[in-house]
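Comments concern the structure below.
The letters A, B, C and D name the chains in turn, as written, and every chain counts its residues from 1.
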Amino acid sequence: MPSVSHIKIKDRMSILSLAEQMEAVKVLGPGRFGKAARILGDMFRDTNCMKFVSLAGPLIPGGLRTVITDLVQRKYLDGIVTTGANVTHDVLEALGHRHIVGSENADDVKLRKRGLSRIYDLYVTQHSIEALEKATYRMLDHIPESKRRNMGSFELLHELGGQLKDNNSLLRTAKIRGAAIFCPGIFDSMLGLHLWTYSRLHPLVINPLRDFTRLVDMTYERKRVGVIILGGGMPKHQVLIANTYRGGVDAAIQITLDRPDGGGFSGAPLEEAISWGKVKTPKNLVTVVGDATVLFPVLALAALQQQRT
Amino acid sequence: MPSVSHIKIKDRMSILSLAEQMEAVKVLGPGRFGKAARILGDMFRDTNCMKFVSLAGPLIPGGLRTVITDLVQRKYLDGIVTTGANVTHDVLEALGHRHIVGSENADDVKLRKRGLSRIYDLYVTQHSIEALEKATYRMLDHIPESKRRNMGSFELLHELGGQLKDNNSLLRTAKIRGAAIFCPGIFDSMLGLHLWTYSRLHPLVINPLRDFTRLVDMTYERKRVGVIILGGGMPKHQVLIANTYRGGVDAAIQITLDRPDGGGFSGAPLEEAISWGKVKTPKNLVTVVGDATVLFPVLALAALQQQRT
Amino acid sequence: MPSVSHIKIKDRMSILSLAEQMEAVKVLGPGRFGKAARILGDMFRDTNCMKFVSLAGPLIPGGLRTVITDLVQRKYLDGIVTTGANVTHDVLEALGHRHIVGSENADDVKLRKRGLSRIYDLYVTQHSIEALEKATYRMLDHIPESKRRNMGSFELLHELGGQLKDNNSLLRTAKIRGAAIFCPGIFDSMLGLHLWTYSRLHPLVINPLRDFTRLVDMTYERKRVGVIILGGGMPKHQVLIANTYRGGVDAAIQITLDRPDGGGFSGAPLEEAISWGKVKTPKNLVTVVGDATVLFPVLALAALQQQRT
Amino acid sequence: MPSVSHIKIKDRMSILSLAEQMEAVKVLGPGRFGKAARILGDMFRDTNCMKFVSLAGPLIPGGLRTVITDLVQRKYLDGIVTTGANVTHDVLEALGHRHIVGSENADDVKLRKRGLSRIYDLYVTQHSIEALEKATYRMLDHIPESKRRNMGSFELLHELGGQLKDNNSLLRTAKIRGAAIFCPGIFDSMLGLHLWTYSRLHPLVINPLRDFTRLVDMTYERKRVGVIILGGGMPKHQVLIANTYRGGVDAAIQITLDRPDGGGFSGAPLEEAISWGKVKTPKNLVTVVGDATVLFPVLALAALQQQRT
């Protein structure tokens, strides 16, 4: 029976060295974190691996926008499955608006009166959301009507990405680098409200079946599939269920604060997905319990440092 | 400053009496639980209130199917916004299949080989999911093609509900009682996979914009809107965002194990929704921290007992 | 393979009937809650069972003081293992002070200036804590010095209980009914600070070895041992480890919001305790995920209703 | 109003640079993590600051033994307040025993038969616990009887530390470097059981009042006090309450997976402690939501890298 080893910190050590020491612990949090860093590094290195990330929770407004965009830019991510909120926040910033540092103890009635909407301790201005409406309408007008009558969200987001100017934009970078962004719940967001009001005056059909067809096709395009799950929700489920046709993903890491015992899918361990054919084997799987906005940048840095060796 | 009072249990007391004692505590868990029971009772009593429930997590397979169905049957619920999984599990049972008692420590590789798919400690047979495919196709064939070319999920689910025979079915009961079931992520489920494969051979377009239009319309049909949020995810967000046009909901309770500090919407307090215009005032709002599959039946019983007084 | 059954609510049903329906679900939260109600009912009924409860978290100040006291009064609890805080709050109320309804969003700097100390959304007055000091000194003075030189916490708390007048007091009721209260971390509380300052001027030794000896002796006094674990911490561990000498407890329920994956003992499943010899078999064990201040009163009511049948 | 900035990863960047980028985000998880790294770095640098760490949960067996020991060796930690379990595991390893890599899904009945005791996914052998008994007795025999009749846990642990040979031992290193280890619940552990059985045959009194006196004295010995809280429980409370006499600590970070809404002290925000006089101001306080076994090594590395600049 192997025994637990202990982490030895040296002041000049890289985060990669620390992650390797953690993997050697083999148990509890350090074992899981170290394994996640290694799986992520292997995934990044593997050019025969189609790499998906699922995004739920305030990753884009919460400081990770450039982290994700840079990984797309460097071809470490091929498919992004995201909530509508993360798309909304990317477009808001691409249009020049900023997210504001606030407080989780703020009086929401007062915030409402001041035109500020809250996500835990950050604020979005109602002003920027109104500006988003006009910009969305203008961008939609530029899409040929024939196309607008039957698009997947990934096609819509490519169109928007092509019209945005900000080099830090996830949508723009994905468009340029040929990565696909899927947003299965695009209407369930501020951007989505603007799509809906537009659709009442102009032809616009977002067809989720087109998304699913493209997503399933992508799972067949390379030898292997790897998935990075940040938060849970529909993005997590969508990317995994699309892989059932090919027999499941080959590798996956998830970072979540949701717990498994309630039975919800967000907190479910990746092993459970094996029984559904969404994951192939228990080998390259790991759940790291924690806040993805903290842990993913650290894991990504460790994985990038693996690419240099 | 009011002081905390203490719960006094008497052996013959009803759950309603206990909930009233809890509300009198005014703080911590008992205060929140007691307030939730009172808000729910008020909501049920108010015939001028449009009542929505959002369902995320394994409520239907996890023993609450009849609880929800009976509330629809008795006109205590007008709109249901749910994950695709809960719809899938309702249809599976309506077709005569059963969910199986299992173990959360099962070996998922072995379960896969035995044709069992796992949700924490309950199993679904692959056999039943295959049978679902045939039944889904048959039911879709019965829907006129002209209709199939542009439906909201609520229209599709009414059609399916009309074809199911099981009186305990949520879909059937909703159809009969005129309640609407919205499933913003219907493709993100086993039923959804069958819709997708069908759509590749036959005309079928599920248009989420139709859903959102109907959902928004419903928010205007009565003087007040009340929302019961069981779990988080897109169902929670969808029902709240649809209410922004009317200035927010009037009352809401949520039961969740998700925590707020990660910033995700599932665990966000209802007060935060005030800053987005999704909720009107902080008055009739409460978050109960806990497992909805445990707490909702207890709260529902307390609320029903209020209707008799 | 048994299948999941569904809960059927009837307006007039008792909480016991609902709990029985939940046990029949057999899976997820309802299965765990229903099983806990049944184990608790069996425990209460069994006069050959020594019944312990462990208390961590704000149970006494948070509205459950009378719930616990009444169970002691009715001989359903023989041993209480608790944090110092719960003892402190019992004595505060016994001296006529009240806990105040507050807010979790209060400004703690302002509260400090106003002489209010906060536990989530309830307050304690500094005034009452100062009054506690005088009362504690007075009560200690009444204990013979020879006794004071070597007491277990259970002996000290019997002495205090004998001097308090409040019939709702846990300490007084335990004294009268012969139940023992163990407080392994008694110094780690406001009452403990007063014990410490007293000890600097007067003879006072609280000897934890005496506590442990008495606790272990109690585990041998009846055929069976049952444990109710409310919250985690040292109270949970102390009561379980004391039972290793007799080969483990026979039945246990725990209610906790702590999660297992961090590896801490508070969130650890009861099954893990089998490997340590703290629990005998997996038969009569269940963990209910949730807030003990909400769930315990409900479970206790269901268990009491079982005694009448 | 300041705006949220985004993290920019560069492959060669140090964990310190990443932590600085996170602090600049200012909100959500990254803001909290970055602030914690900065507070920890400031604390380490400040020679006029008395530095305490509280340990709850499986830090020593879970791979962080050397991390903690090295910080003591380098004088970055002056006082350690810990559960009995962490002391037990340090002594076990110092005696040459190892912790074993296991599985959280193991059958605990079988483990029991095989003489293995489980902490989530790591095992301890019963053999090593029996060997601990003999070694403990032997070490106790070497302590002069007069001393044994009235010791604080910090004195006992200094004695044991002086007798252990392992340079990686926390107890030995603390003894050599003059750091104090307080264990307010020392009897509540396997080591504690051996102390208890010893005490039934030989004179041994562990007097918690001596511990508290020494702990309070330490809080006065330097201009400032800083506290690192890993996990919650009594170690967290003990170190904070001891600082009330001097008006509260000057700086504190805590890493925890426990949530605040249950009202328990383990998950309580540090701000709440201001209202109790345990913390001075809200300035240098931060709670990082997460698993301390993962996050503390990363934060410690970032803080150590700050010492070099």
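Structure notes:
Everything below uses one rule, namely that contacts are C-beta pairs under 8 Å (C-beta built on N, C-alpha and C of every residue); 3 or more make two chains touch, one makes a residue touch a chain.
Source: prediction; values computed, not measured.
Here B-D and A-B are compared, and the pair linked by more C-beta contacts is A-B. In terms of their C-alpha centroids, the spacing between subunit A and subunit D amounts to 35 Å. Averaging C-alpha coordinates per chain places the centre of subunit B 43 Å away from that of subunit D. Between subunit A and subunit B the centroid-to-centroid distance comes to 26 Å (mean Cα coordinates, whole Å). Subunit C has residues 28-29, 58, 62, 120-123, 257, 259, 261-263, 289, 291-293 in contact with two or more other chains. Viewed as a network of touching protein chains, the structure reduces to a complete graph with every chain in contact with every other. Contacts from subunit D toward subunit A in the complex involve residues 1-9, 11-15, 18, 21-22, 25-33, 58, 61-67, 70, 98-102, 120-123, 168, 257, 288-295, 297-298, 300-301, 304-305, 307-308. Of all residues in subunit D, only 28-29, 105, 259, 261-263, 289 touch subunit B in the complex they form. Residues 56-58, 62, 83, 85, 104, 106, 108-109, 111-112, 116-123, 184-185, 187-189, 192-193, 195-196, 199-200, 204-209, 211-213, 231-234, 237-238, 241, 244, 257-266, 268, 271-277, 281-282, 291-293 of subunit C are the ones that touch subunit D when the two sit in their complex.
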